[in-house]
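Presented sequentially are two complexes of chain A, the first with chain B as partner and the second with chain C.
So, the complex of A and B:
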C-alpha cells in the first residue's frame, strides 16, 4: 500500500497581477520504505507540494484541483483538528533551514517531549526518557545533547535533532525539504546518511526535496523532476540520471560539475585581450599572517605571494569554519590580521594613505556569497555598477558610463534592456550575481576575491556564472582568489588549490594533484563527501561519515602541510 | 516589466497597492495637521489678533448660539466667546494652536538631529564612543522629563517658546539614538555597505547615501512619535503654569481656565475648545504614524 498518493494536484496563488499556477496536474505516489526525490530549481513548486501535503499552504495559495491521500486518509477533506493530529504522527516535515525551526528557549529534549505528549497524551516519565534517548541514539547524537539549548549545537547537530523530532512518532511519511542546503559537504553526507538510516529503521516513506542532482543520486530510489509547476520527468532514479528523456533533466544532470571528466568551461584557448604590464613587486603578499578571535585561532601563520604577471586563479577550499572567508576579508583589508602583514604591490594594506587605499580598492575587488544583500534596496541596480565606475575615475561622460554598463551586462550574458534601470528585488539571485560579476568586469581590477560566488545560486546557473568569472581571468587578465567549499568547481577553474582545515593549509598544489589524487586525510574526506550524480558510485563506501570524521580528528593534528607542486607566479609558505 | 504596465492599466485599487504613500490614514492625518496650520495662517490674515490680549470685550462671553450663567448671549464679534479677562477665544486659538504644534515640531526636529548624529556615531565608530553614548542615552531614558523640566522651568521663570522647545529636545533624543544605532549596527554588516566600501566610498557617502535612505521610514515614524511626546510634555508644563508667560498657547489657556475656576462656572468653551484642538492634533499625529507604519512595513498593508 502506498503511503502517499497525489493525483492531479493543482495549486493556484491569486495575486494582484493575476493567478499564478504554482502547480499543475501533479501526480505521484510513494510506497512505505521507499524514497522519492523531487528536484527542480527555486520557484518550481517543490516546497508548495510538500506544504500542500501537510495542509500548511500559506494564504492566498489554495488547492484548485486533485486529491492527496495519505494511505486511507483524504488529506484535503480532513477537519482542521484531525489534520493537526495527523501532522508529525502520520506525516512529518523537516523544513528548509530546519536550524531555525527549533525553539531557542527550550532544551532540545523538552521539544521532543512536547511532541510526544501533545500527540499521545500523558506518558510515563520513564517511557518518555527511554524513547527520547532512543531517538537521539537513532540520529547518532550523544545523550547529553538532549539537555542543551539549540544555540549550543552546530548546524549539523541541529539538523539531526530535527530529524529525531520528525521520526519520534514513527510517521508513515517523512518530507525533508532541502534538509542539508545550509550545511557543508562533510556534514551533509553525515546528515543524509542519518536520515536514510532512520527512515529505513522505521520503514517510513521519504520525500526528499532538493535541487542537487548529486545528492538525489546518492539518496533516493525514484525521482520527480519539476519545472514551473509541471512534472517533466518521473521514473526510477537510475533511469532518470543515466538516461534522461526531457531536455531539462539533461540540463540538470549536466549542470553538476565533476572532478575529472570534461570541463564545463568549454574550450578556453582565447588569448587575453589585456596584457598586464610587468611590475617588479608581487601583486598580493601575505607575510606570516595570523588571525585569532579571542583565544580561538582562525588562521594559522601563513605566507604567500601572488606575482600577478600572468593571471592565476587560486582556489581556497574547506568546509565552514575552516578560516577561508576570514582569509578573504583579510585580503580585502576589511579585517586586520592579528599578526603579520598583507602587502599589495609592496605596500602594507594596514598603513595606507587615502590615495593608496583608493588605488588598492580600485585594483582589488570582490564577489560575495549573497547576491541578495549586495544591492542597496533603495537604488536601482545601475547604482552598484555606475557608482564605483565614476568613483575610480573611469567615467568620462554619462553616455560612456551607460555604454560600459551595457557592454559589461552583455559580456556576462545579461540583456541590459531587461536588467538595468530596475530595482534589485525585481531580479533573481542568478541575475544579481551576474551583475556583480559585470561590475567587477567594468572596474577591471588586478585582483578579484570571489567568496563562495555560486553557493546561493540555483544549480543550473552555477556553471554559467563560474564561466563568467573564469572569463575574467581568461579574457581580461584578472587574477582571482576563488573561495569555495565545492571541490569539483575548484578542480576545473583553478591553477592552484589550497585546502584549509581549522585555519591551517593541509594540502596545496595544482588541482589535478590535490583534488585528482588527494593525499591528506582531510582532502580525501572532502572528496569522498561530494555527492556524485552517478548511482553506481557509492557515497563513501562502507565507512560511515561519522567514522571518517572521527578518524580525521584522531589523526595527527600537527601534521605538516602536504605540498603537491608549484605553479609559476604563486609561492606558498606555511608556518612561522 | 510587464507587471508595471499591467498595474497602470488596472484601476485605482491596484495603484493604491503599488504606491504605499497613497494611504488613507496618512492622508487624513496630514489633513488634520495641515488644517491646524491653516487655521493659524488664515486667522492671522482675517482676525484681529490684538483681541488675544486683555481688551474691552465683555468677560466670559459664550460662543454664538449659547448663553452663559449670567444670561448673556454669544455675539458674532466674538464667535467662540471670550475668557475670564475678556480676551477673544478665537484670537487665542489662532495664536495658540500653531504655537503648540511649533514647540512639538521644533523639539522633535532638534531631538531627531541629535539622535541621528549620536546614533550614527555610536554605531559607526563603536568602541569607547559607543559605550559613552549608549550609557548616557540609557540613563536618560529612565529619567521622567516632566520632573526635571518642572524644576528647571520654575527656577528659570519665564521662557520663550524656542527655549522651551530646546529644553524638551533634551529629553527626546534618546529613543532615536537607540533606534538608529541598532539599525546602523546591523546595516554595517550588510552586503551593500561592504560593496560600497569596496567601491571606495567615503564614510560620509556610506552613512548618508547608502544607509540613511533605507532608514527614512523609521526616521519618519520616530519623528512623529517624538512630536507627540514633545507636545504632551509642553502642554503638561503649560497646564502647570510653567510655560511661556506672555505668549498664548493651548496649554496656557487651559491653565488659566482651571485657575479661574472655569469648570465650576460652566465656562466649557474656555477649557473645552483648546482641549478639543489638542485632541485633533493628537489624532492627526496618530493617523500619520499609523500610515507611515503601513508604508514602511508592507505586511500591514491590505490588498
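So, the complex of A and C:
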C-alpha cells in the first residue's frame, strides 16, 4: 500500500489580479520505504504541494480539485481535529527555514516533549527522557543539546533537531522541504545522510523537495519535475537524470555547474575594452591581517597583494564559519582587522580621510548574498540605481543618468523599460540580484567584493548571474573577490582560489589544481561533499562524512598551507 | 542562563545610579535657568494674604538665606545632591513650611495604588485582546467587536473621564463623583475604608483602562501577525499541537517580549501621564500634586515629583533588565543579543 496517493490535485490562489493556478492536475504516489524527490524552481508549486498534504495551505489558497490519500486517510475530507492528530503521527514535515523553525524561547527538548505529550497523552518522565535522548542520538546530536535554546545551536544542529522531531512518532510519511538549503556542502551531506538513515530505520516514505539536481541524484529513488505547477516529468531518478525527456528537465540537469567539465561561461576571450592605467601601487593589499573576536581567532595572519594591472577573479571558498565573510568585510573596510593593515592603492583603509574614503567606496563595490535585503523597499529601482551614481559624482545630466541605467540593465540582461519604474518587491530574487550587479557596474569600480552572490537564487539563474559578474572582469576590467561555498562555480570563474578552514588558508592556487586535484584533506572533503547530478557517483555514507571530519580535526592544525602555483598579478603569504 | 553574573549586575546598577544622578542634576539646573524667583513668589503670596508686608526686603533676604540661594552655585549643588540622597527636597513654597517629602509621601500611595493597578490591568486586557484580534481561530464576533471598542482609545482621557463621571456617577449614581475615599470614613485599615477606596478608585481606573488598552492591543496585534508568519509557528502546526497551546506557548509567548520593555517605560511615566485623570476626579495623588505645584510655581515640589518620576522609570527599566534574560534566553547577561 502506498503511503501517499495524490490524484489530479489542483490548487488555486484567488488574488486581486485573478486566480493563480499554483498546481494543476498533479498526480503521484510514494510507497513506504521509498524516497521521492520533487524538483522545480521557486514558484513551481513544490512547497504548496507539501502544505496541501499537511492540509496547512496558507489562506487564500485552496484545493480546487483532486484528492490526497495518506494510506487509508482521505486528507481533504478529514475533520480538523482528526487532521491535527494525523500531523506528525502519520505525516511529518521538516521545514525549509531550519534557522527559524524552533521556538526561540523554549529549550530544544521541550519542543520534542510537547509533541509527544500532545499525541500520546501523559507519559512518564523517565520514558520521555530516554525517548528524547534516543531521538537526538539517532540524528547524531550529543545529549546535552536538549537543554540548550535554539539560538545556541548551529544551522546544521537545528536541522537535525527538526529531523529528530520529524521521526519521533514513527510516521508513515516524512516531507522534507529543502531541508539543507541553508547549509554548506559539508553539513548538507551529513544532514542528508542522517535523514536517509532515520527514514530507512523507520521504513517511512520520504518526499524530498528541492531545487538541486545533484542533491536529488544522491538522495532519491524517484523524481517529479514541476514547472509552474504542472508536472513535466516523472520517473525513476536514474532515468530522469541520465535520459531526461522534457526540455525543462534537461535544462535543470545542465544548469548544475560541475568541477571539470565544460564551462558554463562560454567562450571568454574578449579583450577588456577598458584599459586601466596603473600607477604602480597594488590595488588591494593585506599586510599580516589578523582578526579575532574576543579571543577567538576568525582569521589567522595573512598577507596578499592584488596588483590589478590585469583584472583577476580571486575566489575565497570554505564552509560557514571559515572566516571568508569576515575577510570580505575587512576588505570593504567595515570591519577593522585586529592586527595588520589593509591597503587600497597604497593607502591604509583604516587611516583614510573622508575624501579618500569616499574615493575608496566608489572604487570598491560589493554584491551581497541576500538580494531581498539589499534594496530599500520604499524606493523604486531607478532611484536605487541612480542614487549612488549621482552621489559619487558621475552624473552630468538626467539624460546621461538614464542612459547609464539603461546600459547597465541591458548589460545584465534586464529590460530597462520593464524594470526601472518598479519597486523591489515586484521583482524576483534573480532580477534583484542582477540589479545589484548592474548598480555596481554603473559605478565602474576597480574592485568588486561578491559575497555569496548566487547562493539564494535558483540554479538556472546562477549561471546567468555568474556570467554577468564574469563579464565585469572580462569586458569592464574589474577585479573581483568571489566569496563562496560553491566550489564548482569557483572552479569556472576564478583565476586563483584560496580555501579557508577555521580562518586559515589551507590550500591556494589556480582552480584547475586546487579544485580539480585537491591535496589538502579539507579541500578534498569539500569536493567529496558536493552532490553530483550523477547517480553512479558515490557520495559516501553517513559514517564517511563523520569520519572525514574527524580525520580532519585530528590532522595537524598547524600544517602549512598547500601552495599549488601562482598567478601573475596576485601574491599570497600566510603566517606572520 | 541561571544566575545573573556579578559583572552584569554591577553594570546595570552603575547605569541606574548614573541615570538618576544626571536626572537629578538636570532637575537642579532647569529651574535656575527660569527668570522666576521663588522667594518673590512667596512674598507675593504673603502680600496677597495680608495686604502688605512689612520689612519685605529683610524677609526676602531671610528667605533667600534659608533656601541657600546666597551660597555659591557649587555649594548649592553639593547640598542639593546630599539632600536628594535622603529624599529631602526642602520645603514647599506653596504650602510653606511643609516638607516636600511629606507631600510626596502622602500622595504617592494613592497614585501607585490606582495607577499601577490600572496599568497592570490595561496591560493584560490590552495584550489579550490584541492577541485575539490577530489569532486566526478567534470567533468572528471578537474580531469585529475589539476594533470597534478601539474607538475609545482615540478619546482624550479628560473627555472619557468626564463621560464616565456623567453616566456612571451623575446619572446612574453607581460610583461617587470625586475623591479618593468617602468623607465619612476614617482612613485606616478598616473594611469600610478599603471598600470606600475601591469604590472611589473604580471610575478613574476605568477611564485609564479604556483609554489606554488600545495602545497595548494594537501593538500586540502587530507583533502577533509577525509571529504568526514565523517558521516555528508553521512547524508547531505541523507537529499537530493543539491550537490553544500554539497560541500561548508559541505565539503570545514570543510576541509579548517587546511589550514587556514598553511596560517598564509606561510604569515610569504613569505619574506624568495621568495628571489630568487625577485632576478631574480630584484624586489626591502625585498627578494632582504636580498639577497644583505647576500652577503655584512651587519649584521644590515640582523638583521632588520630577525626581520621583525619573526614579520610578529608572528602577523599572533596571528591573526589566534583570528579568528580561529569564524571559528571553537570546538576551545574554553580558549585554549583547546572541
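Please note the rule applied: the second predicted complex is superposed on the first by the 573 of 576 C-alpha atoms of A that agree within 3 Å, B and C clash if a C-alpha of one lies under 4 Å from a C-alpha of the other, contacts with A are read in each partner's own complex, and residues count from 1 in each chain.
The criterion applied here is as follows: contacts are C-beta pairs under 8 Å (C-beta built on N, C-alpha and C of every residue); 3 or more make two chains touch, one makes a residue touch a chain.
As the structure is a computational prediction, the values presented were derived from the model and not from experiment.
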Worksheet entry | Room on chain A for both chain B and chain C (clash or fit) | clash
Practice prompt. Using the superposition on chain A described above, determine whether A:106 touches chain B (first), chain C (second), both, or neither.
Written response: second
Discussion item. I'd like to know which partner A:84 touches here: chain B for first, chain C for second, both or neither.
Written reply: second
Worksheet item: Between chain B (first) and chain C (second), which does A:240 come into contact with in this model arrangement: first, second, both, or neither?
Response: neither
Practice prompt. Examine A:365 and indicate which partner it touches, taking first as chain B and second as chain C; both and neither are also allowed.
Written response: first
Worksheet item: After lining up the shared chain so the two structures overlap, which partner does A:252 touch, if you call chain B first and chain C second: first, second, both or neither?
Response: neither
Discussion item. For A:401 in the superposed arrangement: first (chain B), second (chain C), both or neither?
Written reply: neither
Worksheet item: With the two structures laid over each other on chain A, which partner does A:165 touch: chain B (first), chain C (second), both, or neither?
Response: second
Response to the item:
Superposing both complexes on chain A puts chain C into chain B at one of 22-30, 94-102, 202-210 or 292-300, namely 292-300
Worksheet entry | chain B-facing residues of chain A, complex | 16-18, 332, 334, 357-358, 361-362, 365-366, 368, 370, 372-379, 384, 387-388, 391-392, 418, 422, 436
Practice prompt. Within their complex, state which residues of chain B touch chain A.
Written response: 1, 3, 6-7, 14, 17, 190-192, 194-201, 210, 213-214, 303
Response to the item:
Within the complex, chain A is touched by chain C residues 136, 230-232, 234-243, 245, 249-250, 253-254, 257, 327-330, 338
Worksheet item: What part of chain A is in contact with chain C in the complex they form?
Response: 54, 56, 59, 84-89, 92-93, 95-97, 99-106, 114-115, 118-119, 149, 151-152, 162, 165
